[in-house]
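Below, chain A partners chain B and then partners chain C, in two separate complexes.
The block that comes next holds the complex of A and B.
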């Protein structure tokens, strides 16, 4: 082990924070749906990539700005979330079965993506790619910074909505005791549709940011599952801020491990953190 | 106010409730007593939309609510204090009370109703910002009753409000129920504590094995040989 320069370490930690912001942004909708709807929506990852590819299509072939995609795609994906929840409720899918059903859905989305866009690597080229500034010798890429700020903004907005609005309180009450919540006029079916739509719309937001920053390839869908699951479970199911905080902790830990040891050590970090938390604070997730 | 006709809950050869008929007039306090497993909770849950009626009808103030969706019973004017309270324990007392007044009507009177609840149960005022799960049993029962009052119901359903509470707290709870009723709210109370319930209520029903076996003036029923023998252990 050789000690890296301070500058390299700082640059790595910053990349870790940005990567953690991405984990948190993907984990936000996943954790809300898991904690409040009791659905482990694996299709969330499929939606992230589908949204990424659609954003790729809109910018590379139809000449749109990614920011325009950010206005168009989330409402459409909200609709997809509503339809998915309607179907899951219609067939009375249990939480465990939701894992299987949405796994199947993800495989279908992967095939769809492969059919339309092929398995080739796709990198969006926009004028945002090159935007960056430097502070004291450390480079700050604008798209990554934008993604982090968006993740922080959305997480805080949802946290505040859950805490301070009647609708948010109703969602928490529904998650704790749905029949009693219904006895006080809370429409479980309606709220579930709304919440599922919100979660999938959040997947769309994450997908657009993902497409701007990363190279897209359909087989990558499943490689994000593990680390985002770890962030969601570390952060607490149903928590709005937790996955983001946990995501950044994981991202930074991975970055430090990469600099100090080797890049291949990175995946071990997130799961070591998760296993340690499950050992020392069981029952929290 | 409340008219229950031939209410049956559950299917097959042994339904939980058999053709139950119950009336609660406006402003009346009525109790349903009976042993464990007689169907008391099934009955009260059916009236709150938590269980579905298999047949028969439930009318509230002339409106047939039997087939309403669960979340519309509250809007029709029914609020329940469920068995073992079932507060939203991870949320604060204040949030529990706010959720009681989730619907637009009660929400517009939230501040005033909250003041009434805090006047009725002074300990609740001290605990508004505490997680509901951290309160003592008696305080949780107060919050559960408060949450139901926040819905500004026409009919208050109480399922075993004395369950698991110390005798002195039970006295306080029954006193609070008496005052709530004295303010004009109709109350249907389900209890195992037969003598206390019958002393509080004006009329009473005795439920055994899913059927109403006796009904009448609460004081008369309490003096009847059947009730004295079966429920109070007196010969």
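The block that comes next holds the complex of A and C.
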């Protein structure tokens, strides 16, 4: 183990923070639907990638700006979320079976992506890729910074909505005890549809950011599952701010582990954190 | 245990063992090997996860531990392959036991949390193997490894090993399924707390099930290491293994010992037919679609559907030949020496003292009434004396043995049984099976067959004679209450604690129940009777103790206690006039 230079360490920590923002952004919708709808929506990852590929298509073939995709895709994905929730509610599915059904959905989405865009690596080329500035010898790429700010902004907006609006309070009441909430006049069905739509729309937002920053390939879908789940569970199910904070903690610890040991040791960090949390503070999740 | 099923499994194995010798083409041999491979993995997964409901996503870790155990011994160190197979099993078992010993102690790690925890463990193990000398980065070649000659050539030897293991896995899964151990595992699935209080050593049973599951997965990994012949971390620890075994078991029916095997065959064939050749992408999509449809329309799997049909076709219970328990003669109760001594018993919940320094004795053969206003600590008393909660202070001496600090199943085995105020039957077991559970794991400690036999008698006694094969969900409240009672009696307890068995019953049902409690006592059982129905309390009890805010405020003969001023105050408030 050799000590890295201070500059390298700072640059790694910064990239860890950005990566953590990505974890948080993907985890936001996942944690909300798990905590409030009692559904473990594996298809969330499928939607993230589907949105990423659609964004790739819109920018590379139809000449649109990614920011325009950010306006177009989330409403469409909101609709997908509503339809999915409608189907799951109709069959009154248990949390565990929701995991299996959405796994099947994810496999279907993965096949669809592979069919349309093939299994090749796809990297979106936009003028945003080159945008960066430097502070005291540390480079700050604009797309990553934008993603982080978006993640923080959305997390705070949802947190505030959950806490202060009637709609948010109704949702938390529904999560606590749906039949009782219904007896108090809360429209459980409508709220679930809305919430599921919102979560999938958030997946679309995450997917667009993902496409701008990372290289796309369909098999990658499952490699993000573990670490994002870790962020969601560390942060607390149904919490808006938790996954982001936990995501950044994981991202930074991974970055430090990469610099101090070797990049291949990075996965052990997030999962060790998750295991420790489950064993010593199991009430959290 | 049905000998015909054991014979069928072995006969099927022998029939398949002939195939390599009559010149089965190599392609079919390797396809059948893959079938065996998935049968072993799915069946072994089901022994823990299907039977107890602890869904593990860590089966890949145990399988991988087996692969690397065998590969390191045989491939890297050059051990003979047969000697490295037990190592593969042992490594997997050691990993499983280390995990289980920690995880099963944390009561709240159940359901989804257990699933994700085991998934996380898989990634940790993979990372460790990838970064240490076990793998060393490039992977391990198994080409030069000599395997025992069980068939005409190398490929058929691997086929034979897979076949033997598959037969063993099915035999083990079946024998556990029909054993007392298996009954305990299924009880854990339905209601772990009740199972523990009823006498099932839940912690130990979960560990055993995990160990068996890991051993089989480890062996499957060991054999698979020579089949794939080149081993890399990314292949071994991919998400395929844990997800496939879950899907196979659910598809086939995870509540049945044979379900996972059915699912394994179905999914392996589907995957093969859909994903070979040009239509691979379309095949995967169809595979995903089938999964969605199956879970939505048959959440209990193929065999689950079968048993549902069987239940629907079954005729109303045939009368069993066990004679109805003769009504015991009403005789004067003989009160003996104290059987239970509770001294200074305390229990707090976050500062609320639910029981505060309670000292009392229960004498052999008596009916002790335990009364008090709502929230006075009656149910907590029962929960502590049945071992469900641990007391913070004081001692519980039962028949001369100190019980406090022991696990709950120890209380049941010592001879204490209880009913729940809100009935908590095992929802997937029939009335008869519910009652037999107590016979198996309570003080009587019967074999499964004997307990099932006796259960008829207790079902008749409690008036459930014509509902023996019904599931608890099909019973009405009154019947569920009597199922609770029958289940407690079947343990043949020395001390029986009845927690508001009469609440919600009609006056004529109450009369019947009072009579029943008298008969239970006449057979020599000591009873603690918690009840709000005063008519029953006055009619039945020899002595009464009164709790209020967790403190014992009065004790004595029924009539005396009921007129004591403290008791009136506790129930009605202070008189200010």
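Heads up, the rule we're going with is that the second predicted complex is superposed on the first by the 285 of 285 C-alpha atoms of A that agree within 3 Å, B and C clash if a C-alpha of one lies under 4 Å from a C-alpha of the other, contacts with A are read in each partner's own complex, and residues count from 1 in each chain.
The rule we apply is simple: a residue touches a chain if its C-beta (ideal position, glycine included) is under 8 Å from a C-beta of that chain, and two chains touch if they have at least 3 such contacts.
Nothing here was measured: the structure is a model prediction, and the numbers come from that model.
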Task: Partner chain in contact with A:230 - chain B first, chain C second, else both or neither - done: second
TODO: Return first, second, both or neither, reflecting whether A:144 touches chain B, chain C, both chains, or no partner chain.
DONE: neither
Task: Which of chain B and chain C A:101 touches, first, second, both or neither - done: second
TODO: Kindly classify A:110 by the partners it touches after superposition: chain B alone (first), chain C alone (second), both, or neither?
DONE: second
Open item on the list: Contact-wise, after the overlay, does A:40 reach chain B, chain C, both or neither (first, second, both, neither)?
Closed with: second
TODO: Applying the touch criterion given at the start, work out whether A:254 contacts chain B, chain C, both or neither, answering first, second, both or neither.
DONE: neither
- [ ] Check the residue A:173 against both partner chains and state whether it touches chain B (first), chain C (second), both, or neither.
- [x] first
Open item on the list: Comparing chain B against chain C, which has contacts with more of the residues in chain A?
Closed with: C
Open item on the list: Taking the stated contact definition, name every residue in chain A that is touched by chain B in one complex and by chain C in the other, in rising order.
Closed with: none
Task: Residues of chain B defined as touching chain A within the complex - done: 48-50, 69-75, 79-80, 82, 86, 88-91, 95, 98-100, 102-103, 107, 147, 151
Open item on the list: Quick check: in the complex, which residue numbers of chain C touch chain A?
Closed with: 55, 102-103, 106, 108-109, 111-113, 115-117, 119-121, 123-124, 126-128, 130-131, 239, 243, 246-247, 250, 281-282, 284-285, 287-292, 295-296, 299
Task: chain A - residues contacting chain C, complex - done: 40, 87, 91, 93-97, 99-101, 103-108, 110-112, 114-115, 222, 225-226, 229-230, 233, 262, 264-265, 267-268, 271-272, 274-275, 278-279, 282-283, 285
Task: Sites on chain A touched by chain B in the complex - done: 166, 169-170, 172-173, 176-177, 179-188
